[in-house]
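Each structure below is given as structure tokens.
Both of the next two complexes hold subunit A, though its partner changes from subunit B to subunit C.
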Partner chain A sequence: MLAYLLKRIVLMVPTLLLVALMVFLLVHFIPGDPAIVMVGGDATPEALEQVRRSLGLDQPQPVQFVTWFGHVVTGDLGRSIGTGIPVFETICERFPTTFVLTTLAMLFSVALAVPSGVLAAKFRNTGKDYLFMLVSLLGVSLPGFWLGLMALLVFSVQLGWFPSSGYVPIWQDPIAGLRYMTLPSITLGFFMAAVVARMTRSSMLEVMRLEYVTHARAKGLTEWSVLLKHALKNAFAPTLTTIGIQYGMLLGGAVVTETVFGLPGLGRFVVTAIYSRDYPAVQGCILFIALVYMFVNLAVDVLYKAFDPRVKY
Partner chain B sequence: MYPVLKIDNLQTHFHTRTGVAKAIDVVSFEIGKGEIVCVVGESGCGKSMTALSVLRLVPHPGRIVGGEIWLDGENLMAFSESEMRAVRGDRVSMIFQEPMVSLNPAFTIGNQLIEAVRIHRRVSRTEARERAIAMLRRVELPAPEARMDAYPHELSGGMRQRVMIAEALLLDPALLLADEPTTALDVTVQAQVLEVMVRAARESGTAIMMITHNLAVVSEIADRVVVMYAGRVVEQGTAEEIFTRPAHPYTRGLLRAIPSLPLGDDDGPRQPLYEMGGLVPSLTDLPPGCAFCPRCPEAFAPCDRERPPGFALGSTHAAACWLHRQEAER
Partner chain C sequence: MMLAHALTRAARGLLLGLVLATAAAATASAAPKVGGTLTFGLPTDLTKVDPHKSSAFVDTTILSHVVEPLVTYSKKLEIRPLLAESWKFSDDYKTLTMTLVAGKTFHNGREMVADDVVWSFKRLLDPETKNPKRNLFENIADVVALDAHTVRFDLNKSQPGFLHVLANANPIPAILPKESVDANGEITKLVGTGPFQFTEWKQGQYVLLKRYPQYKSPAGPKDGLAGDRTPYLDEIRMVPMTEENVAVMALVNKEIDVLQYFPAKYVEKYKKQYSKEGIVLTEVPGMSWYQVFFGLNQPVTSNPDFRKAVAYSLDLGTITRAAYMEHAEANPSVIPSQSGYYTEAHTTWPARNLAKAKEYLKKAGYAGEKVVIDTTKNYAPMYKQAIAVQSQMAEVGINAEVNVLEWPVLLKKLYGKDFQMLSFGIGPKPDPVDAYQYLNLTGAFETYPEIKSLLDQANATDDTEKRRVLFEKIHLATVDTVPWVEFYNYNYLNAFRDYVKGYETLSIGVPVLWGVWLEK
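Now for the complex of A and B:
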């Protein structure tokens, strides 16, 4: 087990190198020049040249990459061109908000999706099943920003249940923080819930055809025990993989939600950084998110054995 | 005294888009206390469906549409779902064909055996565990204590089937439904597992309804034999009657289709393996007369029009074949 973990962590290094290279290339392929963003469009060519030199942008791109990556390896993500603050510091400050948002979204969606998937499977091909699947189809299809705006309009503006703007970190005041986080995490979690519900339903249906489910019924168990103990534990393993993949997508989807709800998360910072061609900030943040995603995947693979004991590491 | 099981004109149909598939067209037979009855026939003749019907666990879209199932004089068809649950696993238990997939891969052997006890008996976990270990010992599973914490995939097929047998007999049921319990096993362990099952069932006075297509197994263990074809019982009798005086052309065909090994030094001329011509009729479109008529070498006038009833050929022997009408009337 320990050897497996070590192996997986070592294997992350080449993946990270690849991600770093791709992020670097993508960012540098975007037309635009951070120097112009910094000094303004009407600056003299000499001033621009000086700024470029001070940022190292006059070097050939392979040299720039090696210099940047060299610093990354030693734990230095560089300073943001826009704010002048070390990128790592900004990540430490902003990632907790994004993490809380995505984790709450995930918890909400699992709490909604797994029971819906089980119920849809139990009532397969009846009105109830179709209703569940229709709602989940809506969940997949509705764009996050629209859903967020509608949630704000109904629950904050009309009903006044939740604050419509502002933010208190959940670790400073859990109750108030949760109130600010409720709508964003439900909005973000709804999309994921739709996907997870469909996965739960189909893997439940897959498992319910198997002989050990008939065997469980033949033991004299109630239908609910059969479904919730014998079928769900087996059906949850593929669902868990979906949840892991979806969690990674949530980290990306958080950008829109954070913007709509005005949350000071990492996603919104990345978007601003992209607009201002803040190379070190974009590269550093995306690399960090990739690393988080890799650890989520590792956690899923380790958890998998709890649901499927046949897995060997 | 009531028989353990009495199936009376049971009909189980599957309502599909292409029509009604009569998985069990009409089936009647009885099983006495402690008796071993083998139900034989080709795949799809309704053997397994008969067993699932007894537990009232016919899978969707199948449904029992007629007939009665009596267990110790009680009509199971009149039972509520919760009364049926009290029957399943306690008074009637079932062993499935594939021990690879009939035990839940996500739970330990111990978890599944303890659950089986505690569904029906108010006992502590420790007590249930001890009972399970004692039962594993009775089915000769090596190192039963250690196996309790093992997952099904850590056991061989033969061991898994022993676990299934242990679970099925844990509560001394009146009836064990065994659906081809040895078919998926290595030939070398088939006999051992079968022997263990029969011995353990005899010890607890459990009757067995054994579903199989292996006539060698039948000749070894059966007290009585029920031969099924296309959802109907075509012949039933004691094992001796079926093997020495088979009355239905289908039964005769089955017996002739057993390959025989030329053993010994005097290698006589090898007999070509008998093959029954034709195909099993579609269950959605059964012929109006005898279902076996299209394949029957001895079919005559009434066979394709009128369904033969079971003609009694003795106190225990009956065949649903027009050949025996006069014999039965005599």
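Now for the complex of A and C:
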């Protein structure tokens, strides 16, 4: 197990190097440059050139890459052109918000989706199955932006249960923090739940056709016991992969939810940085997100063994 | 045409006057009260805490309450004293000597002296500071402290309008203490001389300002950014509200007290509902302006007859309404109606005349070639006006295509003069010389050197009457040559709770929060 973990971690190094190179190239291939965004519409060409020089954008791209990557390996992701603040500092300030939002959303979605998926499978092709799948179809189809605004309109403006704006970190004041996080995490979790429920249902249906499930039934076990103790355990492995992928993706920034609810997360920052061609910020954040994604994948692979005894490390 | 325009303007002025009168009545009250926290909804977050490095307008909104320049603008955009109490130009306008206010302290308690002015301007001019608008200050050859309260600016060339540079609102040429920067030359905790102290910035959450109790205000009544600047609020909490629908909900829910930009689409709902729920809406005529630029070096649009055909095909009023509904004032000039330089001559522009437009198209030899209008959806009015222009041009047979680009790409095309037509908008420029500099982006200075010559003459004099005449001539030259079509100045829609007293936004877009108190 330890050897497996070490091997995976060592393999992350070339992957990160490749990601760094790709991110750098992609960001620099997008038309427009940060100097132009900084000066806006009213600078002379000379002033624009001066800003480009001061940002090092007049250097050949290979030189820019080596300079940037040289700093990255020492742990320095550079300073954001937009804010002037070190990128690492911004990540440290904003990532916890995204982490809490995504984790709460994931917990909500798993709590909602796994039972729904199991029930839909049990009552396959009945009214209950269609109802569960209709709700999950709505979850996948409804735009997060619209859902967020509707949630605010009903639960904040009409009922006054939750605030419509503002933010308190959950680690500073757990009660107030939860009030600010409830609507965003339910909105985000609803979308995740829809995907996870559909995956749980189809995995369950597949597993329930296998011989060992028939064998369990033949032993006289109750249907619930067959479903939960035998079928679900095996069916959960692909669901776990889906949860892992969703979680990893959203940790990179649940942009729409963060924007609608005004949460100071990493996603909003990255989108703003992309629009303003803030090269160091985009490169640093995406590199960090890639790293997070790799660790989430590793965690999912390690957890696999708990659900599928055939997996060996 | 001019009479009709004047009547429309008069009607609009009356309407606006009524709105403002209502607002004034809503904000007027008895004696100001000290104390309380005001929560102010901004459209975006602060970008930089260092005024010498910033170029974003949102930074001016926040930092203008913390730092101060040497001189500033009155409500009518006249230059007024702030950190400098008096000044004198040399006869050739190459030297400016200023006397500083004595006893003015930074938020760290130390007195502001001439050495701070010297240090601040040297930092602003240092390329290492990376001020994106450093070019505004490039005429400064040297800054010298003559004694503790006297400072002299030596200029490279004569510049009678130099005081406008010192009063600039974005970026603010703020006077900062040397000790406010760390070993890397970075400002992490901003120290200024303004009515409020910069206390905390939580990225994406809020900026907290606290009243500076030792603040020494200039004398005289409050007048724009000048005059009485006494702070009454204990704290100002400025929160970014990037989603406009949520921002309105927050105002309705009393989670914020002021919303800097109230969405125009909610005005009807305001009239029917919000006005009865303790929300006040004011509409202030702004100085920002929107237009379409022509590329004077590009196929088709390099032909002045084609550009005249476009001018005759467009109805400015319709385009204005398409972009801003009734919350903007059609204006074919870069000089807004509230400027002292605005005269009848600036209303001159070809009225829509489709027959004439077709006549000019024929003269230009236009044979249906495709003309591209570059625009962006990052700023909705730029896109909406481009669509309106395309539609009106189509009525005379011009084959125009709207090309939607990302903001950085649009800017790159603008700087590269790589466009046929480009839909754009520009922030407030109180001095018309700065506004007319934008003609350079079309290539008009090379194509029409006489316009550049008129602008240079205006830049070389501080005689208001001479400048007024020169600006009229420049506008009329743009009527003849059509390097751009100017559309409108939009109004600032501000909404706030009725217990907020003394609040106003200036025509340059800066909200003023000193002199504001809460009547709760």
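Going forward, the second predicted complex is superposed on the first by the 311 of 313 C-alpha atoms of A that agree within 3 Å, B and C clash if a C-alpha of one lies under 4 Å from a C-alpha of the other, contacts with A are read in each partner's own complex, and residues count from 1 in each chain.
Note that in this section contacts are C-beta pairs under 8 Å (C-beta built on N, C-alpha and C of every residue); 3 or more make two chains touch, one makes a residue touch a chain.
The model shown is predicted, which means the values in this text are computed figures rather than measured ones.
Undergrad: Assess the superposed three-chain arrangement around subunit A: do subunit B and subunit C clash, or do they fit?
TA: Once both complexes are aligned on subunit A, subunit B and subunit C fit side by side.
Undergrad: Examine A:V27 and indicate which partner it touches, taking first as subunit B and second as subunit C; both and neither are also allowed.
TA: Touch status of A:V27: no partner.
Undergrad: Have a look at where A:R310 lands relative to subunit B and subunit C in the superposition and call it first, second, both or neither.
TA: Touch status of A:R310: first partner only.
Undergrad: So, A:L112: does it touch subunit B (first), subunit C (second), both, or neither?
TA: neither
Undergrad: Using centres of C-alpha atoms, tell me the angle at subunit A that subunit B and subunit C span after the overlay, to the nearest 10°.
TA: So the angle at the centre of subunit A is 160 degrees.
Undergrad: Looking at the overlay, does A:A151 come into contact with subunit B only (first), subunit C only (second), both, or neither?
TA: neither
Undergrad: Just to be sure I read the superposition right, which of the two partners does A:M192 touch: subunit B = first, subunit C = second, or both, or neither?
TA: neither
Undergrad: Touching A:H215 in the superposition: subunit B (first), subunit C (second), both, neither?
TA: A:H215: touches subunit B, not subunit C.
Undergrad: Going by the contact rule set out at the top, does A:Y167 touch subunit B (first), subunit C (second), both, or neither?
TA: It touches subunit C, and subunit B stays clear.
Undergrad: More residues of subunit A are touched by which chain, subunit B or subunit C?
TA: In the superposed model, C touches more residues of subunit A.
Undergrad: Once the shared chain is lined up, is A:A281 touching subunit B (first), subunit C (second), both, or neither of them?
TA: neither
Undergrad: After superposing the two complexes on chain A, what is the shortest C-alpha distance between subunit B and subunit C, in Å?
TA: Nearest C-alpha pair, subunit B versus subunit C: 47 Å apart.
Undergrad: Taking the touch rule as given, give the residues of subunit B at its contact with subunit A in the complex, in rising order.
TA: Residues of subunit B touching subunit A: 52, 55, 57, 59, 85-90, 93-94, 96-98, 101-107, 115-116, 119-120, 151, 153, 167.
Undergrad: Any idea which subunit A residues touch subunit C in the complex?
TA: Going through subunit A, the ones touching subunit C are 31-48, 50-51, 53-55, 82-85, 90, 93-94, 97, 149, 152-153, 156-157, 160, 163-167, 259-265, 268-269, 275-277.
Undergrad: Could you list, by residue number, the parts of subunit C that touch subunit A in their complex?
TA: 41, 47-50, 53, 55, 127-128, 130, 132-135, 138, 186, 202-205, 239-243, 245-247, 249-250, 252-253, 255-256, 378, 406-409, 411-412, 414-415, 424, 426-427, 434, 437-438, 441
Undergrad: Under the definition above, what is the set of subunit A residues touching subunit B in their complex?
TA: 210-212, 214-222, 230, 233-234, 307-310
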